[in-house]
Structures are given as C-alpha cells and as structure tokens.
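Each of the next two complexes has chain A plus one more chain, namely chain B in the first and chain C in the second.
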Partner chain A sequence: MAVGKSVQRKDGVAKVTGKARYTDDFSMPGMRVAKYLRSPIAHGRVVRIDTTRAEKLPGVDGVFTFHDVPKNTFATAGHPFSLDPEHGDVADRLLLTDCARFQGDEVAVVVTRDDMTAHKALSLIEVEYENLKPLIRMQDVLAHDAPELHKRSRNLIKEHAYTVGGDYKKAIEESDHLIEGVFETQIVQHCHLENHSSYAYMDDMDRIVIVSSTQIPHIARRIVSEALNFPLSRIRVIKPHIGGGFGNKQDVILEPMVAFLTLKLGGIPIRLKLNREECMVGTRVRHPLHIQVKAGISQEGNLNVIDYDAVSNTGAYASHGHSIVSAAAAKTHYMYPRAIYRCRARTIYGNFPSAGAMRGYGSPQIIFAVESLMEDAARKLGIDSVDFRLKNAVKPGDINQIGKRPIVTAGLIECIEKGRDLIDWDKKRATLQTPQTGPVRKGLGIACFSYLSGTYPSCVEPASARLILNQDGSVNLLVGATEIGQGSDTVFAQMTAETLGTSYEKVHVVSNQDTDVTPFDSGAYASRQTYVTGQAVMRAASELKDKILAYAGVITGMNPGELDIDEGNIVIAKSRQTAVMSLKDLSMDAYYNKNRGGQITSEVSCKALTNAPSYGCTVVDLEIDIPMCKVKINEIYNIHDAGVIINPLTSEGQIHGGMAMGIGAALFEVLMVDPDSGRIYNNNMLDYKVPTIMDIPGLGSGFVQTHEPTHPYGSKSLGEPPVLTPAPAIRNAILDATGIAINELPMNPKTLFTHFKNAGLL
Partner chain B sequence: MFDFESYHKAESVDEAIALLAQNPKSIPLAGGTDVLVRLHQHHQDYRHVVDIHGLKELKEISKNPNGVIRIGSGVTFTTLTEHPLITGNIPVLAQGASSVGGPQVRNVGTVGGNICNGAPSADSAAPLLILNATVVLKGTQGQREIPLHEFYQGPGKVDRMESEILTSIVIAPENYQCWFAKYHKYAMRDAMDIATIGCAGACNIEGGLVNQLRLAYTVAGPTPLRCWKTEQIAKGAKADESLLELVKSSVLKDLRPRDSWRASKDFRQHVIQTLAQRVLQAILNQCGEVKP
Partner chain C sequence: MNRNISFTINGKSVTLLVDVRQSLLEVLREHGYTSVKEGCGVGECGACTILIGNTPVDSCLYLAVWADGRTIRTVEGETRNGDLSEVQQAYLDAGAVQCGYCTPGLIMTSTAFVEKNKDNTSISRHDIKRAHAGNLCRCTGYETIIRAVEQCLTPEKPNQDTHCKCKAESGE
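Take a look at the complex of A and B:
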C-alpha cells in the first residue's frame, strides 16, 4: 500500500543535492541572450524609436520593435482552449508594443552575444514617448473621460451578476441584521525562487523547440502557435525542473518571444531570462480587489444572504482577466451553501503590471472580505466566532446553488472543531477579558474557506497517463501534468504503485514534460492534478495491471482472473504468499520471447466530469504590541478537508508553504504603485517585504479525512487552499485584540499605525 | 556579469592607497555587499575597483592595556557578533552587527564598508556613535583620526579623500566602561531588511541620576545622527520612568526623518519616540535602577 504513506519525494534528493536541472542549467553552443527594453513610464505612446545605434554595436544579432512583430493580438492566460468563443480569453497582447501600459512594458528586444552587450545595446535605443494619463485608481479607470488602455474596451474587460438560492429581497427583509463592509486587497507577487526563463532554437528549418520554466507546456505550445501564426505541430515545448510558479507560470510570457526570435534569426538558440526586478513587474501579479459585502442574518445567527460586489483590477493586459473574480466568487458558495448569494463582479484595466493567476485564483481576496464580514456579524450578534461558523457551515447533502448539485463530502464542521480544539479556543476565550487595555493585547481569530478541485464545468479537464513496463519489472510513468515543486510526481507514483501492486520505488516518473513525447494534459493549476490527473493515472495503472495479468495467463496457462500483483510478483490472488513469477521475469518474456508478447504499456486519456469542493480553516492566536505596531503570532493552525491524504508529509509541506504565503500577504507584502504616476516603487527583494524564515511563526496543520467518491483514491484539492485563510483569520484576531477592524491588506506596521492612530490608541 | 573597467587586487593597505591615488575614479571593494549591488545595476561610479577584501592588516580586533579597543575596518559582522572583545566590552556593537541582513551578508560585509558607504541606515553606525568611536584614515597625505559623527557628511557622503582607506575604528575606555547600552533595529522584517529606524542608547548612571545619556538614530535624518539636545536635557535627570517621558518629548528636535514611500514621516516619528522609550527602558532594566 503506497497511498497514505509519507514516502520520500521522487525529486527530493536531486533537488537538495543540486542535481536537478532547471531551464538555466542547459546551454547550447552559440547560444545568444535576449533582453527587453522596458518602458520607463506607465502610460504613453511611442512616437519615435530609433534602433540604428544599437544595431551597429558589435555583438548584436538583432534589434526588434513593434514594427517587426506579427500584428495579431493573442491571449496569454494558461487556459485550455475553449470551443465556445464567448468563453475565450481576451486577446489584447502583441509581442512588443508601441503603447506602454505599465512601467516596464516591452517596447523592444535585443539579441546579443552576452548580457553586457545586451545592456549596452538597450542603452543605445532611442525612444520618445507621448505621455498619457496613468490610470491606477478605480475611479480614474472608470471615469467618463478616461483614455482607453485598449481600444473599444471602455477599460472594462467583463462583468457579470447573478442571484442564486432563492428570493433575495425576501431574505433581506426577513433578516434581523444587515451587516456591511468594504474591503481592499493589495497587489502581491508570487516571488517563486526561479525567475521566468525560456530559450528556443530550431533543430531543422521547420520546427521550433522551446525549453521553458512553465506550468503548462501543452497550453504554451498552442499559444505560441496562435501568437506567431505558426503550425502547432511544428512547435515543441520542453519543461525541465521548475523552481516554483504559484500560477505565474500558468501564463505564456516568454515562450512566444523566444520562438519569434529564433525564427527570425535562422534558428540560433536564444535565451530570454528575466532578472528579479523584471520578473516582479514583467510577469504577473495578484489582482487587487475592491469588494463591498453585505450579509443578512437572523437574530439566531442564521446566515440568510451574502451579497458581494467586487471590482477586480487586471492591470495593463487581460491575462486571466475576469476568470479570477468569477471563479473565486463561485468557489466561495460551497462554504455556506444554505444562504442566498448575490454576486456582481467587474474586471477593469489599469496602468500597472498585468494580474494573472496566483495561488488561490481570486479566492484569497474574496474570502478575506467574506470571512471578515462573518466575523463582524458574529460580534454584532454576540455569538462566538467559532459557533457562528459551525451554525452556518456546509453539511454533506447541502446543495451548491450555482450548479444545483449536492455536495457529497464536506468536512468543514469537523475542521472548525479540530481547529478550535488544537488551539484551545474555548479555554483561551474564557480567559481573555474584553475590552483589553495596555500596550500588548491578545486575540483569537478564525476564518473558513471552500475551494474546488479543478475547473470543471467551467473549463475542460483533460488528463493523460502512459505507463510502460520496463525489462526489470519496474514501470515508467509519463504524464502531461507538471511537477512544479508541489509534489505531483510523487503522488502519481504512489497512486500507480497502489493500483498496480508494485512498490513505490519501482515507479519512475518521467518528470520533464516534452510535448513531442508526453501525453496531453493542461498542466499545473487550479489544484487539479491530484484530483484530475489522478483519475487518468489510476485508470492507466489498472489497465497495465490487466495487461500484465493477461500476459501472465499466457505464460502460465492460468486464469488471469485468479492472479494478482503483489510487491512486484505475480501471485495467486487467494494465497498471496504464492509467487507465480516475478514481474521482471514476466517482462523479460514479454520483451524478448521470440514467439509472443511485446512491450507492455497502457495509455489513458480522459476528462474529469466531476469536481469536488474542499474545505478548511485557519485558527490563530496572536498578540499585538500597539506602540510598536507589530503583530506576533503565537500559534496558528490550518485544518484541511482535502479528502484522503495521499502523502501526509508532502501535504503538510504544502500547507506550511501556503500558510507562509498567506501570512506574507496578510502582514508584509504589497507591490507599491504610485497612484498618480504609475511608478512601481519596490520591485526588488529588499523593498518588497516577502517574509523571511525569521518572520514566520511555527506552523501547525491538521487533516479531516473524508472519502471523496468521485476520486479513485478519495482525494480532493490541497495545492492552493492553504493560502486562503491566514489573512482573514489574522484580521479577525487583530479585531479581537484591539476592537479595530482592518479591512485592507497588508496589515503591516504602516497600516496598523494609521488605524491605531485613527482609533486613538496611539 | 559586471561591467568593470579596471580591477586591481591590493596586497597591502599601502598598495591600495597607491592604486587609489593613481586612478581617482577607483573605489575600494571590501566585502563588496554594497559595491556589487551597484555593479549589478551598472552604476557609473563603480567601474574602477581596488580590491582590499581579505587584507590581514584590516582584520584585527585588539584591546590595549589602557582599554582602548581597535577594530580593523575589514572585520566582518559575523566576527563582530562573536568576538569576545566585542561581546565582553561593547555588546551594543554586536547587537548592531547581528541585526545586519542574513548570515551570508554578515560573513562578508565589513564594518568599514558599512561606515564608508555612508548609508543613513547602517546598522553599525548608531552603536558606534554612542560609543564615541573615532575612525582612522590613511592616504597619500598620511594618517588622520576623526570622530565618527564628523566623518558623516550627508546621504552617501563621508569625509574620505580619494586615496584614503579607513583602516580602523577606535573606542576609548571612558566610552564603554561604566556604561549600559542597547541597540534596537526597527524594520519591516526580522532579517534581510534595512532599518525603518535604528536606535542606540547608552547611559552612565550615578546615584539614581543620569550622569550622561547618549542617543543615536539611523534613518532619522540624512546621516546617522546623535541626539545632542536631548542628551543635554537628560543630564542629571532621574534615572527612572520619568526619563522615558523626558527623552520622548525631546528626541524629535534632534532628528529630521523623511517622508517617503518607504515610511511616512509621522510613522517614523512615532517609531523614533517609541524606540527611545524601549531602548531606555532596556538600559534601565540592565542597570537595575528601575524594576521591569
């Protein structure tokens, strides 16, 4: 049995010994470097650009501007293709632009023999801009006379509104209390260790090979094809090891450009890699949201209505655009499904770096607003925060109001109870006097979440797996799903071992995807791979098993139905100690017997036609030094219902990483953009305060293991959910300690200072 | 890749001085933790380098029989944090050194580089200011010794002539014996951060009264600054909680914190006052005059 065990990660040793090869670890003879010329202003048109001096510099192979690139706009979001044109992503991007839409926009690119020459060549390009008014604030973007960032867009990408679950007006009228709040979330950046990097070359005159740090090799291939008007089958995308992505590599950022450049320059290998400063503005960020929330509640504390109106700002280019806020709004309904939901959401443009996918995909923002408001509601009614949530939390059998489907597994109530007990909530609550006085005050906070395990039915959910029995009885597993650090290769190997009846060590996962070789899968996003790709892996493993047993029947003359595989041996199912033959002997026969057999393989490509909500909460105990404007977390736990846990250790690692990221967004991080000029102040690791190991408290986690029937091993999502609730839990604990509701992020010392001062605490 | 125009590795301080004199555009490179950041940004003023990294004659820490402590400019933060002459006599400097960056930066960054860089945020500056440290400079014109607070001239500007090397920092016994001192770095993170405000204080107390107070801040003006007025006012004051209020009400008069996107002026002023109280409280706790 391999599922449920904390086996060692497949890539663990390679990574800690430095053996794992990332995109930048490969080089080719004659490789050139490409570098972007980035706009120094946030909004303006290029009225003159002169590249002649740069072109003459020795060591320069090419300089390209807006004039040289294909004139068809393309969409960059890493979504699978949508057959419904209405559902497609917004195509608003060119390879290079003559209109700067954020400070850092890509105006030209040079290809040179080395970095230094690239730097010099860039300094020799002369550009004149006509300045336009930068639009950063929501009211500026939506003003009547605002210039349009993209023609005929009115600066609005999309909007939608709906009410589900019953009669909204009636429910509002019947509510004893209406609670309202306005919440602002900030721009944060993924800060994955490995910056974006890609290179491309042509290995004959027909085909472009792209090696890239991407979460989505198969989607990247299609988008490059669209961007360059180049046949998809003549593009090959290879994904080596990846140093983190968190959604920022679920977008096609460098691949079209490197493909374009190698195509232009006769197929020479060209590398385009961003440094940290570029990566923080020239890739993607998290959408800042402005959210108005209203809740209608009965005197007994029943949540009748949740109503939110969200404006999401996607920055300079659409990228994932409106999908972010609409997915997040939809996923939140699984938490309190007995309430009526009204939702209105708009996504607008603005002159700052493009916002795209980032761990949680809009849910951290929406959940910050909703769970903060739930806290305000509980307090207004005088109900304990935990009890209020227990009263309203989802129960198995509740109906999700959007899809009108019953919710099968829902361990939210157990998660809340477990969190309450782990942090000793009741005892601590009893000892905290209210209101508190003195410079250091303590608080308890909780926040809950719901999430999904993929994107179905909003998007197609394809997955494929290929298994090959090797001569020595081990198996190779090829998947189109990508390992990006989250541990998917490891759990796929566990699933394979479990179903096949072999040991985990005997499953080798081909970790690097290559669109010429690996079967189709849309990649790492939406916490989908364990749930969606897991279904293909299970089916491929059971198909392989059937084929192996059938061949064992051929060799032995026994009935395959009476045989099984156990720890690498073919055994009699009813007396498992009796080994008929080893997998190795069987495989050698299949490969080399002159008269029968052949390589034993299986291949499954399927689509997930289900989706399963996962649940959980954060509970936190913290204290605040008011004069110092600093928060100290004493204890914090994340409890997850992610179904059956395939690997407890890597799951815990995933939770710790997500919690740290959530704490970062709660207390530290913000990419600062000047609202007047669009200047970006802090696109570096000194001024962008991603927390260090010294800033992260001890992290606790717990599981409530439900058994999700739509998944072959009972599992649900765990990749993104850990990041969802630390911020609202911390906000609620600060409110508990100080009586001050901070409805904006991050709650860093500067923000706390302003709030404490306004409240007369300082 | 760095865009050097010239690079020389000096084998001695004298050779470094000669090299610097030959090329007025050149600058010394010690640990390189400031210089390499500039080179990475292709800064124009950092293209000619005289490398003094690792010079033995700059790496010594000593204390003479009179109690004079001499710290070579090439001493790293890690050494400052761990060296018994520092931790035993002037632990406030070890506090400053240990608050710098992270272990890697502390292993190469030097106290000389920290001072010569002229940053208003230098974490060794406030402790050295309240220790009344003097700096020793050697150049083609010979050797000179000046008080640290005079060495600082403006943001990023220090009183160093082109050929000069800062060789050592000197602390006289009357500036640490019978003193209690404390450094507090206030930053947005607990590691890998520059100070929002840094505060070092020292007190010399006799019979429950403040004989002398010294207070210095970083990031509270164009250079690290001493609080001369407040120090005057505190002379003879009672060494109890009333001192905290006294200092709090005076300290802003000595300082000129900036309003910037990194932190607003009123926030910095608030932190300055809060740190004054916290640092003094810690000092009073140390000398046992006030019970915690």
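Take a look at the complex of A and C:
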C-alpha cells in the first residue's frame, strides 16, 4: 500500500544535492540576454521613443518597441480555452505598450550579448511620456471623468450579481440581527524564490522551443500561439524544475516575448529573466478587495443570509481579474450552505501591477471579510465563537445552493472540534478575563473556510496520464500536470503504485513537462491536480494492470481474472503467496518474444465532471503588546478536511507553507503603492516584509479524513486552502484581546497603532 | 579587468580567470555550480548561500576576487561517495524540501550551524531560528527546516518533538 504513507518525495534527492535543474541552470552556446525597458511612471502615453543610440551599441542584436510587435491583443490568464466566448479571458495586452499603465510597464526590450550590455543599451533608449492621471483609489477609478485605462472599458472589467438559496428580502426581514462590516485587503506578492525566467530558440524544424518556469506549459503553448499568430503545432514548451509559483506562474508572462524575439532574430537562443525588483511588479500580485458584507442572524444564532458587495481591483491588465472574485464567492458558499447568499462582485482596472492568480484565488480576501463578520455576529449575540460556527457549519447532505447538488463529504464540524481541543479553547476561554486591561493582552481566534478541488463546472478540467512498462519491470509515468514543489509527482507515483500493485520505488515520474512529450493537462492551479489528474492516473494504472494480467494470461495460459500484481510480481489472486512470474520477466517477454507481445503501455485522457468541497479552520492563541503594536502568536493550528491524505508528510508541508503565507498577509505583507502617483515603494524582499524564520511561530496542523466518493482514493484539495484562514483567525483573536475590530490588512504595527490610538488605548 | 584567482571548492583546488566586477555567485554558476541559486542578487534571500571556511555567506554579495585563497563549500560537495550528508538526509526525513530553490542555500546554513553545535546540548529552537534568519523560504513556513536541524542535533531521537505542541498530528 503506497497511498497514505509518508514516502520520500520523488524529487527529494535531486533537490538536496543541488542536481535539480531550473530554467536558469540550462544554457546554450551563443545565448543572448533580453531585458525590458520599464516605464518610470504609473500612467502615461509614450509620445516619442528613439532607439537609435541603443541599436548602435556594440553587442546589441535588437531593440524592439510597440511599433515592432504584433497588434493583436491577447489574454494572459492561464485558463484552459473557453468554447463559450462569453466566458473567455479578457484580451487586453500587447507584447509591448505605448501606454504605460503601471510603474514598470514594458515599453521596449533589448537583446544583447550579456547583462552589462543590456543595461547600457536600455540607458540609451530615449522615451518621452505624456503624463496621465494615475488611478489607484477605487473612487478615482470609477469617477465619471476618469480616463480609461483600456479603451471602451469604463475601467470596469466585469460585474456579477446573483442571489441563491431563497428569498433574500424575506430572510433579511426575518432576521433578528443585521451585522455589517466593511473590509479592505492589501496587495500581496507571491515571492516565490525563483524569479520568472524563460528562454527560447528555434529548432532545426523551424519550431519555437520555449523553456520556462511555468505552472501551465500546455496552456502557455496556446497563448503564445495566440499572441504571435503562430501555429500552435510549431511551438513546444518545456517546464524544468520550478522554484515556486503560488499562482504567479499560472499566467503567461515571459513566454510570448521570448518566442517573439527568437522568431525576429533568426532563431538564436534568447534568455529573458526578471530580477527580483522586476518580478515584484512586472508579474502578478494578489487583488486588493474592498468588501461590504451584511449578515442576517436569528436570535438563536442561525445564519439566515449573507450579502456581500465586493470590488476587486485587478490593476493595469485583466489577467485573471474577471474571475477571481466570483470564484471566491462561489467557493465560500459551501461553508454555511443553509444560508441565503446575495453576491455582487465588480472588477476594475487601476494603475498598479496586474493582479492575477495567487494561492486561494480571491478566497483569502472574501473569507477575511466573512469570517470576521461571523465573529462580530457571535459576539453581538453573546455566543462563543466556536459554538456559533458549529451551529452554522456545513453538514453532509446539505445542498450547495449554486449547483443545487448535495454536499457529500463535509468534515468542517469535526475540524472545528479538533481545533478547539488542540488549542484547549474551552479551558483558555474560561480563564481569559473580559475586558482585559494592561499593556499585554491575550486572545483566542477561530476562522473557517470552504474551498473546491478544481474549477469544474466553471471551467473544463482535463487531465492525462501515460504509463509505460519498462524492460526491468518498473514503470514510467508521464503526466501533463506540473510539479511545482507541492509534491504532485510523488502522490501520482503513490497512486500508480497503489493501483498497479508495484512498489513506489518502481514508479518513475517523468517530471519535466514537455508539450511534445507529456500528455495534455491544464496544469498546477485551483488545488486541482491530486483530485483531477489523480483520476487520470488511477485509470491509466488500472488499464496498465489489465493489460499486464492479460499478457500474463497469454504467457502462462492461465485465466487473467485469477491473477493479480503484488509487490512487482504476478501472483495467484487468491493465495497472493505464489509468484507466477516477476514483472521484469513478463516485460522482457513482451518486448522481445519474436511471436507475441509488444511494449505494454496505457494512456488515459479524461475530464473531471465532479468537484468536491474541502474544509477546515485555523485556531490561534496570541498576545498583543499594545504599546509596541505587536502581535505574538503563542499557538496556531490549521485543521483540514482534505479527504483521504495521500502523503501525510508532504500534506503537512502544504499546510505549513500556506499558514506562513497567511500569517505573512495577516501581519506583515503589503506592496505599497502611492495612491496619488502610483509609485511603488517596496519592490524588493527587504522592504516588502516576506516573513523570515524569525517571524513565523511554531505551526501546528491536523487532519479530519473523510472519504470523498468522487475521487478514486477519496482525496480532496489541499494546496491552497491552508492560506485562507490565518488572517481572519488572527483578526478575531486581536478583537478578543482588545475589543478592537481591525477590518483591514495587514495588521502590522502601523495599522494597529492607528486603531489603538483611535480607540484610546494609546 | 580580469584576474586569476585560486581557491579550494568542495575539496578540489581550482584556478580561474574572472572579471573583477563579478560576484562569486556569477562565477560559480558559470563554472557549473548551479546548486547556488540567485533569488535576489542583493543579499535579501539567502538562496545563494555557500560556506567560505565555515561561515555561511551570500555569494551574490561576495566578489569573486575575494575568494582567492579561500576554501568554499557548496551543496554539490556535501554528498560523499553517493551518501547524503546528515543535514541533506534530515531535510528529506523532515519533509523540509518543497520547490527546492532555497534548499541548497538553507542546507549550507544548517550544515555550518550543525557542525558548530554538534556537541552543544543547550541549543534552543530560538538559536536555530537565529542562525537561519538570512535564508528565505516561501514554501515550508520553516517548521520542517527547524525539525531537520533538530534531528541533526539529537540524532538518537529523530522524531522527538522538542519545541512545543505544534507538531502535526499524523494523518496515518
């Protein structure tokens, strides 16, 4: 049995020995360096650009501007293609622009022999801008006389509004209490350790080969084709090991440009890699949201209705902008499904770095608002925070009001109970005085979440797996799903071993995706791969097993139905003791017998037609030093219902990483944009406070294992969910300690100072 | 301007002609030591940490010419005769590896710390954290990195949880 065990990750040794190769670790003879010229202002039209001096510099192969690039706008969001044009991504981007829409927008690019020449060449390009008013604040963007960032957009990308679950007006009227709140979330950056990097060249068949740090190689291939009007079949995308993505590489950022440059320059290899300062602004960030929430609650504490109106600012270009806020709202309904939901979501443009996908995809922001409001509700009614959530939490059999389908596995109540017990909630609650006095005060907080396992039915969920029986009896597994550090290769190998009946060590995963080689899969996002790709892996392994047993029947004359595979041997199914032959012997016969056989392979490509909600919560015990405006976390736990846990060790790692990212967003991180000028103050990892080891407390985790029937191994999503609840749990604990509700992020000393001062604590 | 420099790296003596403006990070990567990663190039992230003598150093901030006459270790040299070092093994056992980009630098920081404190019985969780404060990791939340170092300092009790109740409940 391989599923459920903490086997060592497939890429573990490669990574601890430094042998794992990332995009920058490959080079080719004659490889050139490309570098962007970035706009120094947040909003302005290029009225004159002169590249003559740069072009004359020795070592410069080419200088390109807006005038040189294809004039068809393309969409960068890493979604599968939508056959419904209404559901398609917003195509608002060119390879280079003549209108800067954020500080750092790409107005020209140089190709040179080395980095130093590139810097020199960039300094020789002369640009004159006509300044336009930067639009950062929501009210400025939506003002009637605001200039349009994109023509005919009115600065509004999309608007959604719906009500589900029943009669909204009646539910409001019947509620004994109406609780309201306004919440603001900040711009967060992914800060994966490997910056974006791509290179491209043309092969001997005049095809463009792109090697890139991407979560979505197959999608990147299509988008490059669209951006360049170049045949898809003549584009090949290769993904080596990648140094983190967290959604920032679920977008095509550099791939169309490197492809364009090599095409322009006769196929020479060209590398475009961002430095950290560029990566902080020139890729994607998390959407800042302004959320107004209202909840209607009965005297007994039943949540009747939740109503939210969210404005999401996607920055300079749409990227994933139109889908983030509606996806997040939809996923949140699974948490308290007996309530009526009314939702209005608008996505607008603004003159700051483009917001795209980031771990949690809008849910961290929405859940911050909803779970903060639930806390306020519990307090108003005088109900314990845990009890209030237990009363309203999802139960198996509840109906999700959007899809009108019953929710099958739902371990939220058990997660809350487990969290309560792990942190010793009841005992600590009994000893905490209210209200507290003195400079250091203690608080307890909880917040819950629901999430989904993929994007169906909003988007298509394709996955493929190919298995090959090797001559030594081991198997090679090829998937288009991408390992980005989350451990997907490892769990796919575990699933294969489990279903095939061989050992985990005998499953070799071809880890580097190559669109010429690995079968189609849309990639790493939406916490989808274990759930969606796992279905293809299981079916491919079953098919391979059937073929192997059928061939064993051919060799031995036995009935394949009476045979099985156990630890790499063909055995009699009933006794399991008697080995008929080894997989190696069977395979050698299949490969080399002159009169029968052939290489034994299986391949499955399928689509997930289900989606399973996952659940969990964060509980936190903290103290707050009021004069210092500093929060100290004493204990924090994330408890997850992610179905059956395929690999406890790597799953725990996902939880830790998500919690740390959640704590970072709660207490430290904000990309600071000047609201008047659009200037970015902290595009580096010193001034942008990505948490160090000193900032993160001990992290605790726990699982409630349900068995999800729509997944072959009972599993559900885990990659993104851990980031969702630390921030609202911390906010609620600060409220518990001080009586002050902080409805904005991050809750750093600067924010806390303002609130404490206003409340008279300082 | 170019200059010849000689140093010992992973037990081997080398002499290289380098541009005096180059960082040691650039020179090492050019010569195939690609375990040394660039995450920021300005000493913020620690992904390029190597040991100079026994001291962890951000090689992006260290001019290549300063390495003349020094002894350098990178993670490529930590595996001896095919066996992982104690720290490399502990990182695997503890689950301290995810995307792996910060891993070579972190392992070198941990290696220096473990070698220095092998016989020190009073090392606290706080001491471990202080020693690793120059290495950013965005995947692990650092919890398993601390556990890996603890495993090296208390090898007879590899699974003992010495810090707090925060160890995960096993999903098994």
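To be clear about the criterion, the second predicted complex is superposed on the first by the 761 of 762 C-alpha atoms of A that agree within 3 Å, B and C clash if a C-alpha of one lies under 4 Å from a C-alpha of the other, contacts with A are read in each partner's own complex, and residues count from 1 in each chain.
Assume a contact is a pair of C-beta atoms (placed from the backbone, for glycine too) under 8 Å apart; a residue touches a chain by one contact, two chains touch by 3 or more.
Everything numeric here is computed off the predicted structure, so don't read it as measured data.
By the touch criterion defined above, A:Tyr681 lies against chain B but remains apart from chain C after alignment on the C-alpha atoms of chain A. Once the two complexes are laid over each other on the shared chain, residue contacts for A:Ile693 go to chain B and to chain C alike. Of the two partner chains placed by superposition, only chain B is touched by A:His119; chain C is not.
Of the two partner chains placed around the shared chain by superposition, chain B is the only one that A:Asn748 touches, whereas chain C remains out of contact.
Legend: residue contacts after superposition of the two complexes on their common chain; A:Gly702 is shown touching chain C, with no touch to chain B. Of the two partner chains placed around the shared chain by superposition, chain B is the only one that A:Phe668 touches, whereas chain C remains out of contact. Of the two partner chains placed by superposition, A:Ile219 touches none, neither chain B nor chain C. Judged by the touch definition given at the top, the superposed model places A:Gly18 against chain C, while chain B stays out of reach.
Of the two partners chain B and chain C, it is C that touches the larger number of chain A residues. Residues 685-686, 692-694 of chain A touch chain B in one complex and chain C in the other.
On the side of chain B, the complex with chain A involves touching residues 1, 3, 42, 102, 186, 188-194, 196, 261-264, 266-267, 270-271, 274, 277-278. Residue ranges on chain A touching chain C, taken from their complex, read 4-6, 8-9, 11-22, 24-25, 190-195, 241-244, 246, 275-276, 422, 484-487, 635-637, 645, 648-653, 655-661, 684-686, 690, 692-694, 696-703, 705. Remark: chain C residues 29, 33-42, 44-45, 47, 74-76, 78-79, 84, 88-89, 91-92, 95, 97-104, 107, 125, 129-130, 132-146, 163-172 touch chain A in the complex.
Against chain B, in their complex, chain A makes its touches with residues 114-116, 119, 627-629, 668, 672, 674, 681-682, 685-687, 689, 691-695, 748-750, 753, 757, 762.
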